[in-house]
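Below: the structure, in structure tokens.
Chain nomenclature is as follows: A, B, C and D, assigned in order of appearance, with residue numbering initiated at 1 for each chain independently.
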């Protein structure tokens, strides 16, 4: 059967192409696949569309902002297109304000549910979030049982760049605490799911089938983070 | 002394007052920033068991982790390390917003730029700036059982934030139930925008002066409470 | 805080009323809350609407068919309204054929997803299942990205009668293997979720927060199955 | 000897022939009843690793559990106790059908009452009977990458089941890719309904006689294979 364990991050993303769409998880600096993002940075692919909760932070650590600053990203789909504090002028904010990059602002729950729709083969769904606001303008509305909803469409991707705590060689994944965040829905929504693993990649059978967070059938490639890799 | 010089309530007092409304067993979501101060109050009511939910899929977490005792995998909505409590559970992001959209969050407390007398509020976009930071606010505002707002009553230049109608793009229409500002506590009812409690030394007329919305003065208007009745 | 642990099955369903809707999980005779169904049978409430994968089997064990045979159910929403083998004339089949009971036939995946929509506050969703068949007749169709979907609505319930393997007193649930089946979506979709527990009801903190299948906030009542209870 | 008297293929042979098409690494969903026989064939190709998925949320399970070694919590789609394999994973029912609807199931093998030459098939309802047993068949038929059918070629009274158009309510339109009957192997292509392999002793004309659908005879028509080429 196909070997899913890759020797390094670069080989695991080597077939990423210009113009592709990628998903990058993480919330509050936890659960980002920083090593894989660094590999995409080294690969130098361009015109990417990124799907992520935010578009990078101000610190020096590798995140989606690293790819944006290197002008590898043409569009971001995210829940933050302006800084939460006026002082936080990230490369993304600067480039977005200068019209050097496109962005689509999506409420965070709708963002997660659109990925879940892609993961679950749902054609579209109605959500109450954003009704009556600027973000619902131009979208189809429908009243159901006396409540108004807007229609939202699935959000798939070519690649998901995932951080897991533990995996088996078949690709079954486990996450620790809030490291989980967007990782499972992204892993399940994307065409090719690449995972960097913190703790260990074990043999099939070592992970309790009742405690698998993402079944291995969704996972294509695994790389163990080496000691000198990026951990936090 | 002009109203502009009168002392205003602290942010902690504003949040204490809102937290006083939380009921035993409630599921509570606190927005990033000022609203997180609500959790401090709860230490004074240890018998009241509150279940904290955060957008990133953690249910039943505890206070901020003491320095040196952080678990790097456990953060709240603000990205701060928190402590695990017994009975805590983790779900992924899509399931976390399923909890929100089903209406299981009893109250969400958020900051805002503006609140209007009909319960609209705005907290995600300033028009002069391109884009916005919506995060989970629209999902929470549309779906939580109650939306409480904690906000300074005036802008830095003195202009009112409590308006007849929001000037900024809104986060959700007609959802605010309770507003705590540094001038008092306001309830949005079917009859209108009711001043229930005032900052010490502030008369209803003083507060109306700082407010574009038309205030209805509660029959039982009282000074802002700092402890439950 | 509210005590969720009930002393017996009867007290845990005592406030179920005539005309209510209930969900009953189970697949291949695994994961049914037979003790709670027996309690509903003893309670004698009538005019119930049942949501379940099937409508009872031919054996003597307590299942949804027990309530149907006792004429407590006016309508079933399920994925099997005819026997899989012509010989299997269950009480449900007999009564349905005699027009003594109403039924709505729903494809199994649509059944599960409609519950998930109720659990996740989704107003409605589009699925490709049943398109081009009799079961899609009269339903709203929509073409999305070149594929045709039908619109389906959420399926909530007043009560979910759940079987779990392990729980803590706060209501966090764990299931074993395919016992899981419909249990989580039903537990999350219903207004009142009552759980019979096989192994143990432990103190909060004893279940790993990463291995909770249903968070306790969805669970209202727990009953430990006693030694002389119904186990299989 | 008339065609009616000629020996027909066994159910195991029909399922063996379909299972021969499974590729290493495929995710396979076997319907209740005859299709489960497909798993027997795979023992003869141990290098081919097949991942079995069942509607009730189990991925990567093994063969039927030997008597006395059943785990009462682990069953397949037919409710039979199966063995856990290393790497197995469990999801809940809604997530299990998410796998199906996303198109991750490489092949679903089902039984049927009727198959038509355009790839429609019917397996859930007989009109004389009220209601039907749809189970997960419509979701699988609409969403699996390939639908294979294993079915007796004729009804008990001899009437054909392989038709120009289904007479029974269909399970999904135009999805059948491969059909194994007790008379041969049939592929549904853009050109039409192709007879690829025939039961020993059965000529194309014999088979057409039992078939309402118009058969296209494959250029490389051969006897039904029982082992891979």
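Keep this in mind: a residue touches a chain if its C-beta (ideal position, glycine included) is under 8 Å from a C-beta of that chain, and two chains touch if they have at least 3 such contacts.
These numbers were taken from a predicted model, which means no experiment stands behind them.
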Chains in contact with chain A and also with chain B, listed by label, are C
More C-beta contacts across A-D or across C-D?
-> C-D
How many angstrom between the C-alpha centroids of chain D and chain A?
-> 37
Starting from the mean Cα coordinates of chain A and chain C, work out the distance between those two points in Å.
-> 33
Cα centre of chain B to Cα centre of chain D, whole Å, reads 58
CA centre of chain C versus CA centre of chain D: separation in Å?
-> 30
If you look at chain A, which of its residues touch at least two other chains?
-> 113, 120-122, 127-128, 175-177, 180, 209-210, 213
Where chain D touches two or more other chains at once, the residues are 84, 90-91, 94, 97, 100-101, 143
Can you name every chain pair that touches?
-> A-B, A-C, A-D, B-C, C-D
Residue numbers on chain A that touch chain D, as the complex places them = 1-2, 118-122, 168, 170, 172, 188, 203-205, 209-210, 212, 215-218
The answer for chain B against chain C in the complex is residues 24-25, 27, 49, 51, 53, 59-60, 84-91, 94-95, 97-104, 143
Of chain C, residues touching chain D in the complex = 27-31, 53, 79-84, 86, 93, 96-97, 103, 105-110, 112-113, 115-116, 127-135, 165, 175-185, 213, 232
Complex interface listing, chain D residues touching chain C | 32, 54-58, 71-80, 84, 90-94, 96-97, 100-101, 125-126, 129-139, 142-143, 169-174
Where on chain A does chain C make contact in their complex?
-> 113, 117, 120-128, 142, 144-145, 147, 149, 153, 174-177, 180, 208-211, 213
